[in-house]
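Here come two complexes built around subunit A, the first alongside subunit B, the second alongside subunit C.
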Partner chain A sequence: MASEVLAKPQMRGLLARRLRIHMVGAFLVSLGVAALYKFGVAEPRKKAYADFYKNYSPEKDFEEMKKAGIFRSIK
Partner chain B sequence: MLSRAAWSLMLRKGGRGRREMHSPEAPARGEGKMPPYANWYAQRSYPMPEEPFCTELNAEQQALKEKEKGSWTQLSHAEKVALYRLQYHQTFAEMNRRSNEWKTVMGCVFFFCGFTALLIWWQRVYVYPPKPITLTDEWKAQQLQRMLDMKVNPVHGLASHWDYEKKEWKK
Partner chain C sequence: MATPAQLGLQNATSPIMEELIAFHDHALMIIFLISSLVLYIISLMLTTKLTHTSTMNAQEIEMIWTILPAIILIMIALPSLRILYMTDEFNKPYLTLKAIGHQWYWSYEYSDYEDLAFDSYITPTYFLEPGEFRLLEVDNRTTLPMEADIRMLITSQDVLHSWAVPSLGVKTDAIPGRLNQAMLASMRPGLFYGQCSEICGSNHSFMPIVLEFIYFQDFEVWASYLYIV
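Showing the complex of A and B:
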């Protein structure tokens, strides 16, 4: 029907090529997501907890809570 | 009355008028089935209908069908197209064309969402009982103060946002 001849399309190895591309891609994407999570969420969280407990004194905390009057067993 | 006449005219034209040109079924059967329940109806998910679109052929169409029984290389391009049009109602491009139906659908969805919102508003004003004591502003303020005194979630949560020296929320 067409007057010009189209190039012959790729006939073989389509699934293999797709798998190759997607294996590499999946590997990179999962590594990227893991790295982003570690440096975006996990490390800041660990730092926040470390900073909180660096100068934390449970006795002082307890005294403050007692003064605020939340305990029922001691005044 | 005018709109009813126009509506019935449109129905008659859309239903029987266009089909009588190709008459896939004997007109004596009355209205017959309309698409998508007709035998010649095809769609992308059901591309090979049971019956051809034109079953009653005139003389030259029958001659073409006879020619089709021979070698197809003898058919001209126009004849091939004519045979396709006898067999099928529409091409794939025609049957798969897009439409503006989604605008109607979304419009109706939003309209009824809005109507529901009005009903819910009325319900809130006229049906709901008064709030329990624990949801009054005074009680909620006392509750928040107690949570801050207990230092709830002091690392990342509520108490971490409260400045205990200045007695205000951290900026």
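Showing the complex of A and C:
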């Protein structure tokens, strides 16, 4: 009975292949985390400040605070 | 002031503090980038049985992991230096205020106005009115005009103290025998709290700072008539 010959398995360069794939993956993950923080936290925060000051009126704010009685120097 | 369990920076009241918050976001983004990369690589190393024990040449990777960190450091340093020089800009101040640290209170001198000086002690807890903040209120608040550049001259009469108001992005050491200058500018009216930030003895935690920013016309009236409650 003739025995079937299996294909020789890949025996070399396994670690190098794993490193090649995962180094790309590692950089993609870390850049993704950075992009997530930048566009999820940093940019919305800058926009929140810009939106707050777009229609902000210090006079109105001051009068409201004065009416609420928080200032001691003026009544 | 900070709210309970607050982790992040307080909301900015001055343009410098806005810049500092943006820079903190930038630096934290880089920290997350590097930390996630390192964590990924650690998990890679811990989840394989493959080994390589005969590395002889690492020239390429040495180049990469020297140049890449250098670029990252430059990306951090450039905005940092920009803000540093911005804090040293001198903008023809409207007012000069001296803050002098003592054990354990602050005293303030408005030398532009004749004889305007007072001490600012913490309000003890049993004297607080409803709605006031424990360990943050003072008997005499430091009143200042809003939307004006104010020069602070900070020193100490005894030991090291530090005059800090997080919302304005100010923290300046009060050193005996030395005058440190800081610039303040608030874009909004209101009350802004700070605390002594250099260990100065047993009551170091009990010498807070309260700034009351009001309209400059009202400030002029206050300075003239000394409306201190």
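Criterion: the second predicted complex is superposed on the first by the 65 of 75 C-alpha atoms of A that agree within 3 Å, B and C clash if a C-alpha of one lies under 4 Å from a C-alpha of the other, contacts with A are read in each partner's own complex, and residues count from 1 in each chain.
Just so we're on the same page, a contact is a pair of C-beta atoms (placed from the backbone, for glycine too) under 8 Å apart; a residue touches a chain by one contact, two chains touch by 3 or more.
All values reported here derive from a predicted model rather than from experimental measurement.
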item: First (subunit B), second (subunit C), both or neither touched by A:Val29; value: second
item: Subunit B versus subunit C as contact partner of A:Leu14, first or second or both or neither; value: second
item: Partner chain in contact with A:Val41 - subunit B first, subunit C second, else both or neither; value: second
item: First (subunit B), second (subunit C), both or neither touched by A:Asp61; value: both
item: Touching partner for A:Tyr49 - first (subunit B), second (subunit C), both, neither; value: both
item: Contacts of A:Ser73 with subunit B and subunit C, given as first, second, both or neither; value: second
item: Greater residue coverage of subunit A in the superposed arrangement, subunit B or subunit C; value: C
item: Touching both subunit C and subunit B, counted on subunit A across the two superposed complexes; value: 45, 49, 61, 65, 70
item: In the complex, subunit A residues that touch subunit C; value: 14-16, 18-19, 22, 25-27, 29-31, 33-34, 37-38, 41-42, 45-46, 49, 53, 56, 58-59, 61-62, 65, 70-75
item: List of subunit B residues in touch with subunit A within their complex; value: 77, 146, 149-151, 154-156, 164
item: Of all residues in subunit C, those that touch subunit A in their complex; value: 12, 18, 21-22, 25-26, 28-30, 32-34, 36-37, 40-41, 44, 48, 50-52, 141, 143, 146-147, 187-191, 212, 214-215, 218-219, 221-222, 227-229
item: Residues of subunit A touching subunit B in the complex; value: 1, 45, 48-49, 52, 61, 64-65, 68-70
